[in-house]
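The structure under discussion appears below in the form of structure tokens.
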Amino acid sequence: MEEAVNIVILALMAVTVIGIVFIRNLMAVVMLSGIYSLLAASVFVVLDAVDVAFTEAAVGAGISTVLFIGTLALTTRIEKKPAHKPYLPFIVVAITGAALIYGSFDMARFGDAEAVTNKHVAPYYLENTKKHTGIPNVVTAVLASYRGYDTLGEVVVIFTAGIGVILLLGSWRRGLTPPAPHKRDEA
Amino acid sequence: MLKAHLPALVIIIPMTCAALCVLLRRKDWAFTVALLATWASFAGSCLLLVRVINEGVISYEMGGWPPPFGIELRVDALNVYLLIIVSGIGSVVAPYARNSLLLEYVEDRAYLFYSAYLLCLCGLMGVSITGDAFNLFVFLEISSLSSYVLIALGFDRRALTAAYQYLVMGTIGATFIVIAIGLLYQATGSLNMVDISKRLPEAGYDNTTVIAAFAFLVVGAGLKIALFPLHQWLPNAYTHAPSTVSAFLAATATKVSVYILLRFVFTVFGVRFSFEILPTATPFLILAILAMFLPSIVACFQKNVKRVLAYSSVAQIGYMILGLGLVSVAGLTASIVHLFNHALMKGALFLVLGCIFYRIGSCHIDRMAGIARQMPWTMAAFVGGGLSLIGIPLTAGFISKWYLILAVLEKGWWYLAVLIVTSSLIAIIYLWRVIEAAYFREPPDDLKEVSEAPLNLLVPAWILVLANFYFGIDTSISVGVAEIAAKALMGAG
Amino acid sequence: MKDYLVLRVITKLLVPFILLFGLYVQFHGDFGPGGGFQAGVIFAAGFVLYAMVFGVASAQRILPEGILRAGIAGGVLIYASVGLLGLILGENYLNYSPLSHVSKEGQHLGIFLIELGVGTTVASVMMTVFFTFATWREE
Amino acid sequence: MFTAAAIALMITMAFAVIRAFVGPTLYDRILAVNMFGTKTVLIIAVLGFLMGRPEFLDIALVYALINFIGVIALLKYFKYGNLAIGPGEAPKSIEKGQDT
Amino acid sequence: MADFEGLYNYWIVIVLAMAGLYIVIARGNLIKKLVGLNIFQASVFVLYISFSKVSGGTAPILEKGIDVYSNPLPHVLILTAIVVGVATTALGLALVVRIRKEYGTIEEDDIHSQDESM
């Protein structure tokens, strides 16, 4: 059942992506990308990644969409027709995709409990989280304690984005003329 | 007690101070905090260098969890070398920023600029020190995001498009690195670099997942390095960024990306996999030679001196990759020494251009005509940095070329040595154009009144220029540590 | 937006519940899905909704720029100083065990505190970014 | 029972995606997005029961909330061309037409 | 082709990711590029999460009576990566807004032609 649901949702995602590639109305594109995020989040639920689904829904379908709409409000709504035929991008994408598919040949099969990914580090977390931290949500424990340094980095990334947006957009309204060069030191 | 925690502190101090800058909100306070933070992390890096030389590899377990379960900070000679480069350049550039036009431009948001600057420093240092593959990505993104912002602060509107282009290409590069890390995780079940390298033979060297991971890593890192055919973002970004930012990024950001490549190719994948199983040495050499020549030739035709230097950076990356492609201790030593020396010379040259920009508001070669008469000290510094870039004896640039040629001759490839010398000659051409204009042409009428750059801009630039000469004579530290690092890299396979 | 009575009433009713739900996600993250990041986003979403229906100006009366900037920096500082606390108490950076005499309790407390830091920064950044985008004009 | 519900929901989701895809007007699309969000909420809830972890209703709640806010943002943009405007402020007109 | 069973899931996701990458490289509209970047990243995230699924497993929230859990580590990594992704998007959009103000357009070709005519 889960497999089937997964495949159906992935198929819907494919349809959405095709829409995004071809539709030139940016409003529709943004809406479809919101749908894409919701679908990705549903896949995460099916694949047991509830915390990730939570985040993807809140971020991809929520904040990102609102920000995109905010940007559209400040810019424009229609994409221009592409001027040249995209042969080169197509080749690049084909090579990249082929490399990934080649790389998938020796991957552990989908859902394999014996895969090396599930045997080395992961069981340690599942066994010890309760003992070390007393928290039943393993993802939270790993996120905040075992890999707390990553999460610190993540908070700093968000912090960077915040001050970046303020630096780029905050109160530049006074005019953008750069200061004139100082030909000599004023006395 | 603090000594044991140095690996964490050198990262945490700039990070915390970046947040403090936002909290304090006063330009002068933010400046003081930023200055102290960069100096503190430079001092910390120097202490770490001493410790690494005396004690060997230092491992620091973040949160007290043993690797591979927790995140490990791992400091060996190469890591600490990068830490010194980043924090050293950071310490010199931070006081320089105080009086630049950039700070007048951002006005009341100067404290945010310092915050972004510290974050960039912290991200680059975090990448240099971590022993965990995914953590590397996180810190790489801290440095990338802050550098997009810093570049976009340029006065010209083209700074915005340059930053956007860099954002798109940089994010693709970072996502490729994420894919590579995911594939490695899929093959080995671990994220710790040392642990991955131990477990790779188990996964098998003919494992397609590992091979694909290698390909994605090289392309992803190549995008971040601006390795020759993937370099389009770099000239625009460095040309239009504010001078302070160009100096800092040109001296550090690409170096750290080269470090990522070195670390993964040699430590994680190992020499045996990267060069014996996969035939990658020759492609690296070809790319390196193309990178040494084509961008240099393009640089000869540029009108904007910053753009000349930016293309020259792409060319210099060629030397680093050449040393990597030789797959020998000598070649790697040359690469690593060049990381350091190139940081010194590009830092110096961009800082000098910042001085000129401060006075005349342009880096265009025609506007710089005759400038040497009004700004003799500034142009003297430019000549000094330029000599190093060309590789004249007694400068740092000479040392790296010398070691590179030695490494090439060790392999018996004398024609490569000829190519290296030839490409240095091209550097003479593009730098001569600038010097010719500055010394032998008449200045434009409106620029006859320009005076020497203010001391607080000139002094940092001269510090780096003098460092170029110092490390051209006394190589015990720069080459010594690089040799230890190179041996460790080659031995790890 | 003065004609849309239904929307305004619903929003007024809904916003407190969204904020409450944000707090729930923040503090329940140890036991179910959720955590500081998600909570921050939901909390911010509540204010975004309020700002969209009643105008950014009135939302900014409740959360002026200064508070948001302090929040942006404050969250990072909370996180970093919890780590430093472990360092001062003699363990490695970000080791929460010494925060309490029982190692397990210390870990739990540490996770609680750093999630608080994450939530603060994320909520402040999201609101700042939204307000900045929404109020930015070309002239 | 839950399986049947899941299948039915999936089909309606497919219809909603197609509607968002073909348009023709933007209001069709907004409606489709809104409906799609509702269906996702339902399917998450159903999946939670199918997989024996009903506490996943939390996620369904978030979806419902976020979807609501997203649609309001869309509609506000269409009406006023701007997201900041408050009650009583004059709306700025936006360019009309070219909806497909 | 029995050998490839269990890989189809990955392949679909790979195709989705490549569609995203295609949008980034081939399209000239700055907003659409960012949408493509989002799709590219989101698909890579789905790929990661696919690695973590264990058949018959359930979400890694410990509970009495459940023995098989999916692998929590990729979840943690992707949580971080999603946050990084939204940070990048926010910055990218801020740049787009500024570019639109300075150039009056968000099409790459128009921006190029404006820059060249300078």
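Note that the chains take the letters A, B, C, D and E in the order they are written out, and that residue 1 is the start of every chain.
The rule we apply is simple: contacts are C-beta pairs under 8 Å (C-beta built on N, C-alpha and C of every residue); 3 or more make two chains touch, one makes a residue touch a chain.
These numbers come from a predicted model, not from an experiment.
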Joint neighbours of chain C and chain A, given as chain labels: B, D, E
Fewest touching-chain hops separating chain A from chain B: 1
Chain whose mean Cα position lies farthest from chain C: B
Highest-count interface - the chain pair sharing the most C-beta contacts: A-E
Far-end chain from chain A, centres as C-alpha averages: B
Chain centre separation in whole Å, for chain E relative to chain D (CA means): 21
Gap in Å, rounded to a whole number, between the CA centres of chain D and chain B: 46
Cα-centroid distance, chain B relative to chain C, in whole angstrom: 36
Length of the line joining the C-alpha centres of chain A and chain E, rounded to whole Å: 4
Sequence positions of chain B contacting 2 or more other chains: 15, 18-19, 22, 62-63, 134, 138, 141, 145, 148-149, 152, 179, 185-186, 191
Multi-chain contact sites of chain C, meaning residues that touch two or more partners: 25, 31-34, 37-38, 42, 45, 48, 69, 72-73, 76, 80, 83, 93-94, 96, 122, 129-130, 132-134, 136, 138
Residue list for chain A, restricted to those that touch at least two other chains: 48, 50-51, 53-55, 58-59, 62-63, 66-67, 70-72, 74, 100, 104-105, 107-108, 115, 117-118, 121-122, 125, 136-137, 139, 143, 145, 147-154, 156-161, 163-166, 168-170
Contacting chain pairs - touch in the sense defined above: A-B, A-C, A-D, A-E, B-C, B-E, C-D, C-E, D-E
In the complex, chain E residues that touch chain D: 58-59, 61
List of chain A residues in touch with chain C within their complex: 50-51, 53-55, 58-59, 62-63, 66-67, 70-71, 74, 131-137, 139-141, 143-145, 148-149, 151-152, 154-156, 158-159, 161-163, 165-166, 169-170, 173
Footprint of chain B on chain E - complex, ascending: 21, 24, 30, 33, 37, 40-41, 44, 47-48, 51, 73-74, 77, 80-81, 84, 87-88, 91-92, 95-96, 98-99, 102-103, 111, 115
Touch list for chain C against partner chain D, complex: 1-2, 7-8, 14, 18, 21, 25, 28, 32-34, 38, 42, 45, 48-49, 51-58, 130-131, 133-135
Complex contact set, residues of chain B against chain C: 1, 5, 8-9, 12, 15-16, 18-20, 22-23, 25, 60-64
